[in-house]
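I am attaching a structure below and will ask some questions about it afterwards.
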């Protein structure tokens, strides 16, 4: 029992700290919630440290198979904490700027992180479900939290209803799988499928519901509808959050369900994912072209990226999964930078969420224009930026597994996609600025954002480490 | 035999009330039908030897959740909302899709596969079998971890509900002494210079 | 003697009704929330049926947790609903369309 | 001499890139420093390339100055550089042109001079890299990265319609190259490595080769460009600043040709054979069709752009003629001639088109118009300029004694070996080329002055004179003494032909 | 000094080049006199050395010199070289070219005296001399083509020398393009040669020519063509361009827009004869294809006759001479066609002198008339400028082939040769050249009378200031007059019937017309007597002179009458048979139309509009359509999810698709 506790230490500590911070928050009068903010950040760092320190050599299963700690979970958790740390840093800027700062934001954020971590290391369907709910509920609340704005509450409502619907589907799927295999624990399920003679198409029936649940979280077409509205409606700080760390969690969940749980059905879910992938890339890239609101545009680009993410899973090999992992991580880094940039450009009671707000950025601030350029070209998948390698990785594995034509389709969509990223670069560099108002943001914000952007470039020049990490994570 | 009859009665009731929930225009009626469907399903659960959960369902849902619903309904005095009729012309289409879905699912779940001897319920449990104890043991040993998570979820729910629910906005008239202390003259009082008036003739 | 398919069919029917409720209802968000509850109910039905016929308690445990979560969920849902109502002064589903395209 | 053990190739790549970054950091405040520094960097790079040339062993067919270090062990992608007789002349061309481009921007670019210089220096580094990369992925990375500075150059310093032009340019070329990427990935599954030489020897079925060839074709035909995927070029040229046009025409187009030599032909020889007739037809259409189109252009830059396309037609023709020759005569005599002619055509077109664009630039800087009708009688006010331009126009129309002649001559000669009619069609360029070049010259330079602003034109200053003079020297030198280029590439081309004429099907 | 002739040849070639470069690049520095001195010295050197070389080869009977000096490049096992082949043929050309060029340099001093582009001009003509020498001294096709193009470019530059004159810059572009058409054929010919002989070296080609005598290739469909015919016709097309044969003659008359010395040097004496030289040089090839020969014969005779007619109606003094040049070139071509290469070369040489003479004379008239070229505004000039008149008169006599003058021998030889030729089209050729004699006499004397005799038609102001041209003009005139008069007499014997050319020219025995004439050739006197024994030619000639006298001295109103009577024919002649209009309409406009079509329709509409931008646009449209699915309504979103579910279930569980 105590061994189990050791394994799950990061989660436990995070939980404890979250409760602590809740109390701190309750008693703090500071309108800027500085204390809450810093304690939160420290909590994250502590968790991060714990994760780093307790990175397992081989998979450890705890709590009667409810919990697993392996390479993938460890790395994803680490990135979740790290990314959330930066996200909170950006968010704090934003909230201060917009005078909508609330202590609960951070507390809920922490609980969301907890949920993600649980998902990352969930090894039974039940833990997956609970982790998912913990995450989602916190997110619903965070979206709705900025009570001044109509769109926020609308977004929250849509998110909530659709989320509930999706988790309902997921549950139905779980119930079917449970009913067919008689197990909730992933390993048992795999074993049951391989050994017992279970009607395959019924398993697929159940699996489809599971996939829908996962696809919804990731925002894959046709289960993507919530994404644009939520991204646009939610306060940028929350959008920033939603579009980064939870994606890792959703990826982890997909991996757990499809790879750890239902790998015997690989041929079936490959073809299902193929449909979703093509749809997502198509819908995402094509609709994004027509957008004028950058948050919404990035939402659609997310959908497109998810399509690409699936390609790695479709490959159905260790390397392919590593490719997807690499993809989702680099995507999280990129979109963190992109939304960070929106926050950076925003000012008091002004959200820089229209594309035109980027006009002439190169004159206003060459440096950040350059950072944004890196991010955009990276998202478009142009070398030497990180985004290229993520696309390259999944495509390579896809081709290696023999899906050449699918790869061709994918690259065609990536060209369509390139257009709207270029459009932002065009706005920044080729157009005249409408206002030359200088960018007012705190020093650490500027610094972190710069690092974020340069990271995209540096990792693009030397992607080996991250690639190796992902490979070992899945393989180990 | 009797079981079957009972089952079908409640099943019918359940389906009926459920569809009423969907059809009802007045949310209060809908809520009440929902309660009815909860009752019906709890009955069925008892047939399925899940007494504890059946009770819980009634207690938790009917007792708490539905009350919450009704409370909200009242609070928002919905009447102004339901002036227009609930459904629109899309209904037949929607129903068609629903039917399609029923068949799509029914074909699978209704198949004889689930009659196979894997799915034979033990008829008679021994008298001193306690469903609650079974669950209790499972939850507090095997599912400790998940139990904790559930706790976290509830906590989050509380936090969220509170933050969202309580409105600092208009009601709150409290003042901030800090601000009052730090106020300076020029914040409140502005002295402007202006030329004394001249007549056009002189200009 | 009840058979599994019967229960499963009932659950499936319930599921579809609730889903239909979600995409048919265009007026009242509250009813959407109720439909969500119905959906969870149907799922529970599934679980219980399976656990009964498999003679395995885990299904019921799962239901236990679903009930918990469902309660939490509805709480948050209603909270959001209230916020929404404060903003829009309406919980008409058709009014939730300021963002589109 | 310790030069031999210097990592010359890396220096060729990174010197300009680092220099460019420094320039960017220095910023517009110290404008003069920026200019002189950039000039110095470009000159040093040129010196490196010259050293490279001097140390190059013209008797060895394979790769020389090879550098190989780990880059991405996970997929054994290496930082693997090397140069052979095909790449070397192109590198010289690149480094040489860069100097002129830097010079040509001297007083012309007012806004964001440091960006401008930075963009060009980095571009140079990347272009050199493309020519020396021996790892397919490394190649691809540089190949794509190159688009970014060019995109910015056209977009920031370009003309009124620059946005359309630059986005068209980017997407068009991007479209081409992504398929190349897929092809690389597929090849990896066959060869188990991204090493280009390994890819050359990877056996492939004919269908696979065909698909790969098409993928490569999309990449390189767009870049070079071939009819009918050429329409991005005129727009890009017209909108680009002078320097941009120069680099675009002088070097970027050559990458398409280089790609054909480095990838299409050796990796998919059988498919190349299969498609050779189609390619030849496309090239011929390009030569004639585009020749006609060039004739009626009213915009000088457009005209030169179109003439570039038609000249590039000779390059592709020369590349694919060998197959036709072998198919027709059964012997490969004249095949080498065609290939080398095509190579020479690339080099010389590099110089000539650069010169032509610079000439237009010189006029544009004075009158801010590229329209032919706005000029006329320029010779009266700018005699020296007129003299230079006459030389380049003549070179452009393939006059013997200028470098423009050599390539076309050899390609026509060898294409005759394939078929009379191919040679016939190709040779039409003698007439068309002369027609559009001279007609433009007549309308722009000759004649009496009719517009007073033309009369007030100032003749070229010493800087412009220097640039044009350098080019004139080169154009004439390679016209009467092309040996330096040919000596370098003989062995490589021969080996390439041998390789290409063997089937890879197992 | 003959040990290393190589040096001498090099000097011959390079001296003019050096002069030209100095004059061209440092014109400002060295000034006008500097410019003409340096170039003249350059040309003089090469001229004298050419004579030395001539002596070396013709009198001291030195062996043929054939050396490659510099390998331009080698590719695919074939060496492209620069080298000299010095044999009687080339050495004769060298002398002619350098000498005439020299004279014209001197003459130019006077003619261009007050032209701003003085240095430029000298630089050009020296450069031309260099190029021409490269052409004639070449020992391979590449260098030949090089010189070929080079002279073309320089003539382009020189025709457009007065670049402000719209007509001039039109003429020079026309000239270049028409020549390019010729070069097009020429290049194909060279390519063919390379393909079958794998060498561009004259010697190699000529020695191996036998192997391919019977080779046939298919070009149209699969009906076989003799390789030699193809090669020869291709090469001859090149010659047609340079030597202005119908229908590629159109550029030559317009080229008169250039300064007169150019007309004399390039468009009369040297460049235009390059074609003739080339064909003679290629005699071993041409001899193998009778088809080609008859083709040449017919083209030549057409040119000879019909271009002569045009000379009758021109009033511009230079244009008359130009058309006479055309018809004389026609004569040479006819000779080539009749395999009388020697005769062609002979006429080339004599023609070079007397035509240059005529041009210069015309030029000196033009100077004196203050650049007035219309003969109707002249007349009676002989009093004012006797030397010019005399030299011009000599030139005219030579041109019409007055017995004893050099023109007489060459032209008569040609006529005789054609007479003896048995090729297809020989008869036609024979009669055209005969009529040509009459025409020639007519227009030549028309020119002479209208210019120098009759009443003065210029205004008195000009008349007062009339005076003889300066020495720099008259001296070259006189110097050229002498060879025009006597050169023929010296050359005819050796050149036509002796071993003058050695192996430089090869004539198949069955074509060797000159040999037949040679049988009854007994010295110059005999030749002249022969002409009187069969006086047809002389009669034609004198009648021509007589008619001219009637029309322009006796009854000056007569021409008007004739014109009004045969207005139609006159119109045709004035329109030069409509060649120019035709070219303007079909080629000039046609190509532009095609260009516009391909551009506006092909590129802009189809490729760009339809495919490139079309794709982009359609993507935009699609995107705007698809985004409407995102209606913002919750129930639609939910519905989408359900549809997705249904589809997945349908396809993957119930297998609807299969």
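Should a chain be cited, it is by its letter among A, B, C, D and E, assigned in written order, with residues numbered from 1 in that chain.
In this section, a contact is a pair of C-beta atoms (placed from the backbone, for glycine too) under 8 Å apart; a residue touches a chain by one contact, two chains touch by 3 or more.
It should be emphasised that the depicted structure is a prediction, and the values quoted were computed from it without experimental measurement.
S.K.: Tell me the fewest steps from chain A to chain B, where a step is a jump to a chain it touches.
M.R.: 1
S.K.: When all chain pairs are ranked by how many C-beta pairs they have in contact, which pair ranks first?
M.R.: Among the chain pairs, B-C has the highest number of C-beta contacts.
S.K.: Would you mind checking which chain's mean C-alpha position lies nearest the centre of all protein C-alpha atoms?
M.R.: Ranked by how close its C-alpha centre lies to the overall one, first comes D.
S.K.: Can you work out the whole-Å distance between the CA centroids of chain A and chain C?
M.R.: Chain centroid spacing, chain A to chain C, equals 26 Å.
S.K.: Chain A to chain D: how many Å between their CA centres?
M.R.: 43
S.K.: If you average the Cα atoms of chain D and of chain E to get two centres, how far apart are those centres in Å?
M.R.: 37
S.K.: Per the centroid of Cα atoms for each chain, what is the distance between chain C and chain E, given in Å?
M.R.: 97
S.K.: Quick one: which residues in chain B touch 2 or more of the other chains?
M.R.: 94, 97, 101, 105, 108-109, 111, 114, 118, 142-143, 146, 150, 153, 156-157, 160, 164, 167
S.K.: If you look at chain A, which of its residues touch at least two other chains?
M.R.: Counting only residues that touch two or more other chains, chain A contributes 126, 130, 133, 137, 140-141, 144, 147, 157-158, 161, 165, 176, 179, 182, 201, 205, 228-229, 290.
S.K.: Tell me, which residues of chain D touch at least two other chains?
M.R.: As it turns out, chain D has no residue touching two or more other chains.
S.K.: Output every touching chain pair, sorted by label.
M.R.: Pairwise, the chains that meet the contact rule are A-B, A-C, A-D, A-E, B-C, B-E, C-E, D-E.
S.K.: Residue numbers of chain D touching chain E in their complex, please.
M.R.: Touching chain E from chain D are residues 168, 172, 228, 231-232, 289, 292-297, 333-337, 340-341, 377, 379-380, 390, 394, 399-401, 405-406, 409-410, 412-417, 420-421, 423-424, 427-428, 430-431, 434-435, 438-439, 442, 445-448, 480-483, 486, 490.
S.K.: Going by the contact rule set out above, which residues of chain C touch chain E in the complex?
M.R.: Per the stated touch rule, the residues are 19, 22-26, 32, 93-94, 96-101.
S.K.: If we count contacts the way the header does, which residues on chain B are in touch with chain A in the complex?
M.R.: Chain B residues touching chain A: 108-109, 111, 113-114, 118, 142-146, 148-150, 152-153, 155-157, 159-160, 163-164, 167, 169.
S.K.: Can you tell me which positions in chain A touch chain D when the two form their complex?
M.R.: Going by the criterion above, the answer is residues 377, 382-384, 388, 392, 395-396, 399-400, 404, 407-408, 411-412, 414-415, 418-419, 422-423, 425-426, 429-430, 462-464, 467-468, 471.
S.K.: Which part of chain D faces chain A closely enough to touch in the complex?
M.R.: Listed in rising order, the residues are 71-75, 137, 140-142, 144-145, 147-148, 151-152, 155-156, 162-163, 166-167, 170-171, 174-175, 178-179, 181-182, 185-186, 188-189.
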